[in-house]
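Going in written order, the chains are labelled A, B, C, D and E, and every chain counts its residues from 1.
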Amino acid sequence: MSAITSYTQVRPYTRGWLALMAGLGAVIAVALGAVWHMEHQGHWVTGMTNQVVWGLPHVFAVFLIVAASGALNVASMGSVFGRVGYQPLGRLSALLAVALLAGGLAVLVLDLGRPDRLSVAMTHFNFKSIFAWNVILYSGFMAVVAAYLWTMMDWRAKRFYKPAALAAFGWRLILTTGTGCIFGFLAAREAYGAAVMAPLFIAMSFAYGLAAFILVLSLSFKMTRRSMGDALPARLVRLLGLFVAANLYFTALHHVTQLYFAGRSGVEAFILWNGGIHTALFWGGQVGLGGILPLAVAYGGCGHAPRKRAMMASVMVVLGGLAQVWVIVIGGQAWPLDLFPGMEASSTFADGHVHDYAPSAWEVMLGLGGIAIALVVTTLGITALRLLPAHLGEATGSCRSPD
Amino acid sequence: RQAGQPASAAQRWGLLIDTSKCGVECTVCVEACKAEMGLSGHDRPRTDAQYVRKVNVRDPATGAAHSVPVMCQHCAKPPCVDVCPTGASMKRADGIVLVDRHICIGCRYCMMACPYKARSFAHEDQSGQQPHLPRGKGTVEGCTLCVHRIDEGKPPACVEACAARARGAMLFGDLNDPKSEIAQKVAREATTRIRADLGLEPGVRYQGI
Amino acid sequence: MAYTSNGAAIEADEEGYLTDINQWNEDLAGQIAKDEGITMTPEHWEVVNFLREYYSEYQIAPAVRVLTKAIAKKMGPDKGNNKYLYELFPYGPGKQACKIAGLPKPTGCV
Amino acid sequence: MTIFFAILFSVSTLVFVAGLAMKIAQYARTPAPLKIPTTPAPLTKGGVALRLGREALLFESLFRGDKLLWLFAFVFHLGLAVVLVRHARYFQGEAGPLVALVQPLAQPAGLAMVAGLTLLLARRFVIERVRYVTGPSDILMLALLLAIGVTGMLMKCVIHTDIVMVKAFFTGLMGFELRPLPADPLLGLHLLLVCLLMIVFPFSKLLHAPGLFFSPTRNQTDNPREVRHLAPWAAKLDEGQ
Amino acid sequence: MAAAPFDIPALGDPAEHPVPALKPGAMAASKPYVAAEAHQQPLGFPGELAEGWEKRAIDHMGGLLSKYRSLQVFMDICVKCGACTDKCHYFLGTGDPKNMPVARADLFRSVYRRYFTPVGKIAPGLVGARDMTREVLDEWYSYFHQCSQCRRCSVFCPYGIDTAEISMAARDIMDSIGQGQKYCNEIIGKVHRIGNNLGLPAPALLDTLEGLEEDILDETGVPVKLPVDVAGAEVLLVTPSADFFAEPHVLGLIGYAKVFHAAGVSWTLSTKASEAGNFGMFIGNYEQMKKISMRIREAARELGVKRIIFGECGHAWRVAYSFLNTLAGPWDFLDSRYPVPQHILEFTSDLIRRKGIRLDKSGNDGMVLTVHDSCNVARGARMGTEPGGQFTIPRAVIAASVPKLVDMHPDTICDKTFCCGGGGGLLTDELIELRVKGASPRMEALKDVVDKQGVTHMAAMCAICKAQFTKILPYYDFDREMVVSVHQLVSNAIVLGDND
């Protein structure tokens, strides 16, 4: 009946709330323990080596950061592209963007060799480094999205709503491009070094972000007993399908371009054919679980209710996405640097053969800790502020608890 | 250049390595480097630091084989420096590429960027450190071209050792000084750079590959 | 505050309710009604008279429901409702009619 | 200067401690005859402890009431807390782990405190309603803290003082031993204002710090039906019956 | 509605609550009638202001400060942060800055500072300390009777400073020097003399109840009884006397009767305890509050009941829930399986949950309900076993009785609810301007759901709220019958008959 959404906080300190926070807190505590161990012992206790220098933490961090910018999409749909149906979701979308970014950055920072020197990173900038630019992009993203959120929430700021929405939208595109460029600029690494990395990352971000959004939206609605209706999840899952298709398309494009480059057939064969775990994750995880299956669920209609389909597809996209980032980050490093093209090489420093990498439990803990941080931030956000719609679609009973 | 003078762009320090004089089994330069830089290691080859390594290269077509010492190539256009977010990776005016271990945050982006895999990460606490090269857990390090020796007017340790205990395959000098032996030899003979196609203009040149 | 009726001063409280119900007379009722902007009609008198009767029996004004029931009985079921009483006494049948009838003001949460 | 401050510090510390103790004793002694927690309220003592903890550490009610003020207040108090913990090093021989942990936060904390105070002061002039309820003492209180913060920050960042001597002075003072204080005007001003703060504390609105914990609307359990709550003076009325 | 002799606040969007510009002195003239000697004396208060009242006022203040920790602490710890300034419905409705809770409290605090704090004694100007003078007293009288003691300010204050406590103390001081409020004190006198706020004598009560029994029988064909003074009944129902008298209150009373009937629980009213309300709280007087409460104890004793249940009334429930045990306990002579006292909504919701009564929503067809959380229930009491039960239980009962229930804007419900505007002893005709203006935040939120969600009725669970709304709704172009009792809805929906 009403076009106006009412938002309510989530009631804190309920049994479920406490259990959730305790659970997430425990994961974070374990992650911090793992960090302490890794920092105290040094990185040799992880699976990372002088050959595979970025490991599982980076997989999680890149996934979260990429998803962060994509999570903002839903808000942009509502405000930049005027899709009114998405507007009630804008606040959660912005919050999730900040939360995911916070989680990703936390992992990234905690995996540094010297996380205690964070202040150095904040005060010493090498403006030639895309990485340094990313520090600025990330902090700026937080600020822009926070401002955007404010304009969504405070009626006094209504007139800044559009500009803020546009700024946030622009910023997030730059941000994802920046993240893609971290890899794109590594000319020496054969797996990367291609211009399609930028659009590929944008497609990835759309898909991961929306999937994360759908999961958080559905779970928070379920846990706080809010009603949603079927129209919205149906629309969201179709949109997700679109993004997944785009991701598949750019992945294909990437590999075709790679094959076209002279001298890149080795690495391509490695990823696509004989790379063991990486190949398995590429086909089974990235393409199958994260691409074809969700497409089928989104468009094929598997007979389940839209909300269930949306959840299923999102879980697949998240898992497939992690696989995809693994293939990019780890797979790309596993393929040896070719110092002497056309020659066979060997050395005490592992030249000339594929590098193996097996993540340690510590890295898994840290990565999961990042996800937990993102969820804690999200939970705190929807607890402290009115971000979550009281209901979506037709209101049913209205026995709302106090905030 | 006089000892104690600041580094200047007048110099461009470089190495010329004649692989034909490099024995397959010879690791004199590697051992010398370890001793000079205090790289005692933990006997964990995957994570221990190596500033210089011997790469055995074989041409599958001809069967011709070489053994090539590879260290930081002290690129003129070093990607490690470009990507380093804090500016810890830096190039001295005289072309030597170094890591400032006080501002390195251990992000390892430089290791991702270096095409020569010339850098190592200090994966754990180090012992047996040399006073001129304090090594800290959690930062990145690599061949310094023995900058501490150069500043005292001495050649790098590996070069000295190779000359003394092997066949003198390594030549050190100022590529910018036309009178220097290395500059004359580079001008005279056919030398190559590893992955010259990348256009990084390394300061280390090779002969015979 | 006070009214004058037949030359005598009749005391009332700040709001115009008589302090002594026994000093009430019909002329005074008309006067109070006029102050309230009401012209007394037979319908008004029905209500006022019922109030006085009820009061003399129970020492309190009747509940609204009792009043409407009584009015319905006397004047027909279509008039036995709140709306009708409010038409007669716009400020509320309880209080305004009581004032005119010389009754004390009902107190409490009403 | 040394002797002047030695005396001043002794006196103001005495006023501060005694005044505060008397006030707290007064609050503790005064009975709360009726159960008046603002509901919904916790049902158990543990719940009350949590509620008070959230009020003291997170300013929960203020957050619900005024988000912007909460932000300012939070920034200021957090900065203040860190600054005060950092100051423990002037009084302790051996710095504890907490003190060590916050040592690197000097600039951010001092900045947060000063910025928070400035914003709090600004809103007293900018917002009409707040201007209306603001009295001279409210402005002076903020100004006093601001002055302390600014002189402190100046010492920290611009004109350094000999903090080893400062430490010696205070550790000495605590053992009733006179050691010299650096003859530094900025430090003198800082300390003078700090003494003033300590003296006014027990007589001013700064009592909100201990007072929060005695506020009956926040520190009572919601169990009046289960447990009969009776103040001594009210019990006397019972006996009269 | 006939034009009112004052402006009626315009209603906007409750989500965009602009704070009104300050209009100093706008309500300075608003004050209730002063109690006459005849109203003062029965309560043991001096009949009028007499020579030396200033000193007596200060002495009394000193006494209160040593008896109430709340007062002492609240006097000291306010930091004038202003978080409360835009929370009071009277400020929002009138724009008078002295209706900002902190400014209201400062009227009291200024005197406290002058006489009880060193700084106020030495440098009064610095901290705004003032002597107790006639002008100050006039301000007190005016503005402490513009506080409905709703405690909304205390919710948002970082220290929980409750201006209601300060208003109560101020009113107690004014009573103690002979400057009482007529409305409250006259009513308290009636409770002592007759047994209820209305002054409804026993015969009138019996007659009224008999009439109601007839009505129910006519309407439903079921002989539902409204028993009075029945010794040995299980339940003593204590309900505001307005439930016997006014609309829609009385419809709620019928609802209670039907619930008891359907549940088969024996119950009784009492002529002695024919009032749930306790205006002793409004005037901040512990002894009066206790004396009024003791009537309930006596009635329960005399009738030999097992449990006490309170009808729908906000401040009555606060006194009952929070204070009754203190004032008139211990209640060891009642059945210990039940809390003392219980709220009728606790009783009914429990029956609904246990399927002890049946409700048919079609009895309320066409109604879309919203609910007004009465301030004293919301912020001063509880229902059920969980914190916040006072919000969920009424909603559960209403939801079970009506086809649709929606909530008003979240800033205006539950513990953030706005007072109806007539609480705290202000429900008197001479304060009509204050009442109309003070109701505006509630009316704004109501209009919002009426416009956007098609709400037709607003349920209230307090006699004062119901009386206030019936009076005030027409000023805002709503129908006066829009406000309904919660048990009126139950009454319409309950299925009687097939219970034996």
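Details
The definition used in the following text is that contacts are C-beta pairs under 8 Å (C-beta built on N, C-alpha and C of every residue); 3 or more make two chains touch, one makes a residue touch a chain.
Here the structure is a predicted model, which is why all the values come from computation and not from measurement.
Among the remaining chains, none touches subunit C as well as subunit E.
Most remote chain with respect to subunit E, judged by CA-atom centres, is B. Set against the C-alpha centre of subunit A, every other chain centre is closer than that of C.
Separating the centre of subunit B from that of subunit D, both taken as means of CA atoms, is a distance of 59 Å. Mean C-alpha positions place subunit B and subunit E at a centre distance of 85 Å.
Centre to centre, using the average C-alpha position, subunit D and subunit E are separated by 37 Å. For the pair subunit A and subunit C, the distance between mean C-alpha positions equals 76 Å. Multi-chain contact residues of subunit C, defined as those touching 2 or more other chains: none present. In subunit E, the residues that touch at least two other chains are 388, 391, 415.
Against subunit C, in their complex, subunit E makes its touches with residues 2, 33, 182-183, 186-187, 190, 196-201, 203-204, 207-208, 211-212, 215, 240-242, 244-247, 249-250, 277, 313, 427, 429-430, 463-464, 466-467, 471, 480-481.
Subunit E makes touch with subunit A in their complex at residues 13, 15-16, 388, 391-392, 395-396, 399, 404-407, 409-410, 413-415, 452-454. In the complex of the two chains, the subunit C residues touching subunit E come out as 14-15, 57-60, 62-66, 69, 82, 86, 90, 92, 94-95, 106-110. Those residues of subunit D whose C-beta lies close enough to touch subunit E in the complex are 23, 26-27, 30-36, 38-43, 55, 59, 61-62, 64-66, 69, 73, 123, 127-130, 132-138, 140, 200, 203-205, 207-208, 211-212, 214-218, 222, 224-231, 233-234, 237, 241. Every residue of subunit B that touches subunit A in the complex is listed here, in rising order: 42, 44-50, 53-61, 70, 79, 81-88, 103-109, 111-117, 119-125, 136-140, 194-195, 197-198, 209.
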